[in-house]
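Shared between the two complexes below is chain A, which pairs with chain B and chain C, respectively.
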Partner chain A sequence: MTSLATTEAEAPTRAEPRSSGRLVMASAVIVLVAWVLVPIYLLVVNALGSVAAVTAWPKSLVPEFDLASLAFFANYAGVPRALLNSFLVAGLTMVLSIGLGAPAGYALARFRFPGANLFRLAVLMTRAFPLPLLALPLTVLFIRVGLDDTIIGLALVHTTLAMPFAVLIMASLFMSIPEELEEAAWTLGCSRLSAFRKVVLPLALPGIAAAGIFAFVISWNEVFAAAVLTIENKTLTAFLLQSLDVSPLPLKFAGGAVLIVPALLFLFAVRKYLFSLWGIANR
Partner chain B sequence: MQRLLSSQKVLPYLLILPASLFLAAFFFVPFVQVVLEAFTSDEGFTLAHFRTMADDWKFMPALSNTLGLALVVVPIQITLALVMASLVTRLRRGRDVVLYVFTIPLGISDLAAGLIWFALLEQNGFLNSILYGLGVIPGPQNLLDYRNTAGLFVAVVVAEVWRATAIVLVILVAGLGLIPKEYDEAAEVFGAGPLKRFFLITLPLLRPSLQTALILRTILAFEVFAVVAVLAGNNLPVLMGETYSWQFDLQDHKVASAYAIVILAISLAFTVFFLWALHDRTREAAA
Partner chain C sequence: MADIDIRQVAKRFGSHQALHAVDLTVADGEFVVLLGASGSGKTTLLRIIAGLETASEGTVSIGGRRVDDLPPRRRGIAMVFQNYAVFPHMTVFDNIGFGLAMQKMPAAEIERKVRRVAGMLHIEELLKRYSGQLSGGQRQRVAVARALAVEPAVLLMDEPLSNLDALLRLEMRAELKGVLQESRTTTIYVTHDQVEAMSLADRIAVMHEGRIVQAAPAPEVYHHPATRFVGGFIGNPPMNFLPASREGEGARVAGHLFRDAPASGGALAFGIRPEDLAPAGEGFAGRVKVVEPLGPHQLVTMDLAGHLFRAVLDNDLAVRPGETLVLAPRPGRARWFDADSGASLAEITQPEPVTGA
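On to the complex of A and B.
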């Protein structure tokens, strides 16, 4: 707080405080970048260590590039199945979220109709609720309709998490594509559907893909509903959570590393859209 | 049929129909069901499940730990995200790279974040190894001792701040982008220093984004679960963890639903509070 007075007093001679300010800023950035990256690096060191290295004391900060921990993880009973389940649930969530969200988003973007605001509000409202809790009553319902402990049942719950985001992202995406392009296609003889397919869809595709990846990551990372709803068909998160008390260290760390890899790859793929996605999703 | 589909009146409703049906089936119906489960027994309305919940010795610690974690974690996250956002917007080079790195935890699940910090904090972990290497400690220390509730609390706070500051950052950076540069420049012309500009110009204009970030993060903070499960197990009870163990381990859906109602109620209460407390009264006049 005292620096406020000094900066103001020194305002005429700007050059000096500025370069020292730059230094402070650069070191702050470096510290914060390290704060984010070092913990991830250390988990990777563990995942790429031999089983002996993971339990060694004191620990080496350099990875051995030994695949024993990962091999141990891959061959552990239930792991390959859990990995596959995670991919299937996340993939299905992605398809459902886009399939349901894209038409609704298009409607919000292109039409003014009574009830549009009510629908938008209902979508926004879902965000004020801890959605994974809705998995509790659904366990009972799913048993009744035969969806208990299935990939589809869990994907339906994950879609409640991801679809509201998809609707809002899609609405804003379609709004950014000029309506005139579509109208031009209609005057050239296209129906609404073929105009959409030939004109709007190609322009919207990268954004739709980004929204889909977003839905995938939401599902891939979800723990609570997955752990409540699956018993035999566990996802990777449910498997790791439920084996916390019994699993040896190498399994935990390799599992953690495997859990973050797809998420990081996808995040890298959508980095361009990240801010528009989140900006929209959280307006 | 074709004509009906392309009619301007019907088409939008057809387009929102699948999403609406889905939300009705998987959001509104389960929501009503959770309320029914929590408040009814075979004989009708009852508060017995809430009594069972409250009589359990873990309920009060779970409630206070959850609220305490939110109270400590959320302000740290908002402050840290503000610092990160201001740094990033002032960067001349490498802005995109730094921003990307800052947002990496966004893609990491709470379970993985818990495991990451477990690797650092466990007895033979990296923090102990580094401290030992520096000669600070003589040997492995049990940092996650089950008897040391305060230590477990701090570990969860650190992991949560590490993991979930990114979402606040993204919301704030998006909000900063909406503030016209002219305000800041004008204040600079009139001789306001960087701190003064931040507190008198940027922060007030950032209020809508701050409100969003606060509401979202607070609700998510009440859902804290996997990070606690990894770092503290059952030794630091939280509401979501108790819900899970009543549902899954004790197989009592009724009490689990009562817990769910408690989490829903405090989430709703805090949302309403933030909407009221941060309500922008100037905007109404403008609109």
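On to the complex of A and C.
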């Protein structure tokens, strides 16, 4: 591609392997995208379709816009409460993850301390520990402490799930902010704290928001702990899981759509930061 | 406006000794350049003065006040960083006014001071821009303006020109000198560029392996290097060094006898700058290997008794490779060093008075 004159002459021989490679690549991308998008499409079509259309086949390509299923879902006993619980738990998880994860991320990014790498690893290892294994002891402990069936208790569990990502996202975020900016602020009259507030925080804010939203989504989607640890204060996922076999089909689709849409929108909004977490350049 | 007194400052990073008991005093209003190769400890020393690094030993006083336990913001310093460190989320105006705003200065006064330093550095028309919309040279000006705006007692600069391209560096160097002469701020400036050091400094402190090996005005560092290292480090091409053997009162260097060599010290080494050589009837006779025309001069590399020997000669002298050339040191320019310690020994003739300063 550097010189047009030379590539033009060779084009016929070279173009073929390149275009067939591109074909494989394109079909792989299409399959992967379809893998993700088709279920979402069906979910949305069925949620927005009329109750009768849910069982109809083939599906119309253009979804109907009938809010009957959604309205039915919204009025279904316990749904508004579960929805509210989901928001509360996810919101609290977000606040806790940022509140605890930001300082940890800052420390990982800025200070060299013995065990920093071990800590980094340990943070990730918490994700390797299966939650079902923890469920019973955790439930017993929560009952003893009085945290069972509470929003806070569930948010604490979700925070431990979201924290590794929050810490690592924010560590890479703070690392991407040159230390000299902070040092310059110190020489210009800032303490460490005010330099953080005036220089680091404004630059890190979008990333911190991303980490928070990611924590929100993790909590929003989490079903196991929510189902085990709560009875009265069920989140939407736990509520749907519990009532899945007793509820009519439109309700399931509507519930699924309500669950998935906020998560999708949020993840789409913060995709840049998730890429940077996995080491993919975002510029 | 303040003087700086650095006493016995040492710094260790783990087992690595970055600084060895450094002493340096900088007078009020003086411009001192810390010059050294990378790893010589110059930036570490600057950061210790700034308070961004703590010394393992020793004391730093600014304006007669010990600052070792003070954070950077209480030391009365301002710093210009190598990569400028212009805050990307603020306009140029807010960057320059940042230090003033931290002092809770009234907005009208901030405005006045920002406009004044922006004027000094010719960036008035950039005040509304963000760092991302500036070129490297413009960012450099903003960084300097931001440091000067707070009217610091001491201005610290860490290789501020090294990220600029050659032409811009030359331009900024001259401008920086003008601006700093005007402000009369005590300045410590770190660089590895000897030309920059020579052109800017009232005094150059040459650093090597964590020590200041010589702190003197540029002409003195150039003509009277305190050690063999300084002679070899400063000057381009570097000083020629030749082994010398004592002969009575004098010493023989590459076949040429100098009648009076320094009596003190043990084994001798002889040093001469390439530009301090001239063709002569008697002196160092060597075979010319390479002739490089350098515009106003020509650089002649010759083989002198198995040693590479360089001379910067006038262009009008016809020199061809393969010829034998006889060169003698200009009077008073030959230098003697202790062959073991590398320390400078007394010169053959009377040292010429140091001019410039």
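Basically, the second predicted complex is superposed on the first by the 231 of 283 C-alpha atoms of A that agree within 3 Å, B and C clash if a C-alpha of one lies under 4 Å from a C-alpha of the other, contacts with A are read in each partner's own complex, and residues count from 1 in each chain.
Definition applied: a residue touches a chain if its C-beta (ideal position, glycine included) is under 8 Å from a C-beta of that chain, and two chains touch if they have at least 3 such contacts.
Since the structure is predicted, the reported quantities are computational estimates derived from the model, not experimental observations.
K.L.:
Classify the contacts of A:L203 with the two partner chains as first (chain B alone), second (chain C alone), both, or neither.
P.N.:
second
K.L.:
For A:L181, select first, second, both or neither according to whether it touches chain B, chain C, the two together, or no partner.
P.N.:
Second partner only.
K.L.:
In the overlay, answer first, second, both or neither for which of chain B and chain C A:M25 touches.
P.N.:
Once the two structures are laid over each other on A, A:M25 reaches chain B alone.
K.L.:
Which partner does A:A263 contact after superposing on A: first (chain B), second (chain C), both, neither?
P.N.:
Only chain B is touched by A:A263; chain C is not.
K.L.:
In the overlaid three-chain picture, which partner chain does A:P132 touch, first (chain B) or second (chain C), both, or neither?
P.N.:
first
K.L.:
Determine, for the superposed model, which of the two partners chain B and chain C contacts more residues of chain A.
P.N.:
Here the partner covering more residues of chain A is B.
K.L.:
In the overlay, answer first, second, both or neither for which of chain B and chain C A:I143 touches.
P.N.:
neither
K.L.:
Quick one: classify A:L124 as touching chain B (first), chain C (second), both or neither.
P.N.:
In the superposition, A:L124 touches no partner, neither chain B nor chain C.
K.L.:
Answer with first, second, both or neither: which of chain B and chain C does A:I40 touch in the superposed model?
P.N.:
The first partner, chain B, only.
K.L.:
Quick one: classify A:A71 as touching chain B (first), chain C (second), both or neither.
P.N.:
Touch status of A:A71: no partner.
K.L.:
Both chain B and chain C touch chain A; at which residues?
P.N.:
In chain A, positions 191 sit in both the chain B and chain C interfaces.
K.L.:
Under the definition above, what is the set of chain C residues touching chain A in their complex?
P.N.:
Listed in rising order, the residues are 50-52, 71-73, 77-79, 81-83, 85, 87-89, 98-99, 102-103, 146-147, 150, 156.
K.L.:
Residues of chain B touching chain A in their complex?
P.N.:
Touching chain A from chain B are residues 6, 8-9, 11-16, 18-20, 22-23, 26-27, 29-31, 33-34, 37, 83-84, 87, 90-91, 98, 100-112, 115-120, 122, 124-126, 128-130, 132-133, 140, 162, 167, 170-171, 173-174, 177, 191, 193-196, 212-213, 215-216, 219, 222-223, 225-226, 229-230, 233, 240, 243-244, 247-248, 253, 256-257, 260, 263-264, 267-268, 271.
K.L.:
Taking the touch rule as given, give the residues of chain A at its contact with chain C in the complex, in rising order.
P.N.:
178, 180-181, 183-191, 194, 198-199, 202-203
K.L.:
Which stretch or stretches of chain A touch chain B in the complex?
P.N.:
1, 3-4, 7-8, 11, 25, 28-29, 32-33, 35-37, 39-40, 42-43, 45-46, 55-59, 61, 99-101, 103-104, 106-108, 110-111, 113, 115-116, 119, 122-123, 126-134, 136-141, 156-157, 159-160, 163, 167, 191-192, 217, 220-224, 227-228, 237, 240-241, 244-245, 249, 252-253, 255-256, 259-260, 263-264, 266-268, 271, 274-275, 278-279, 282-283
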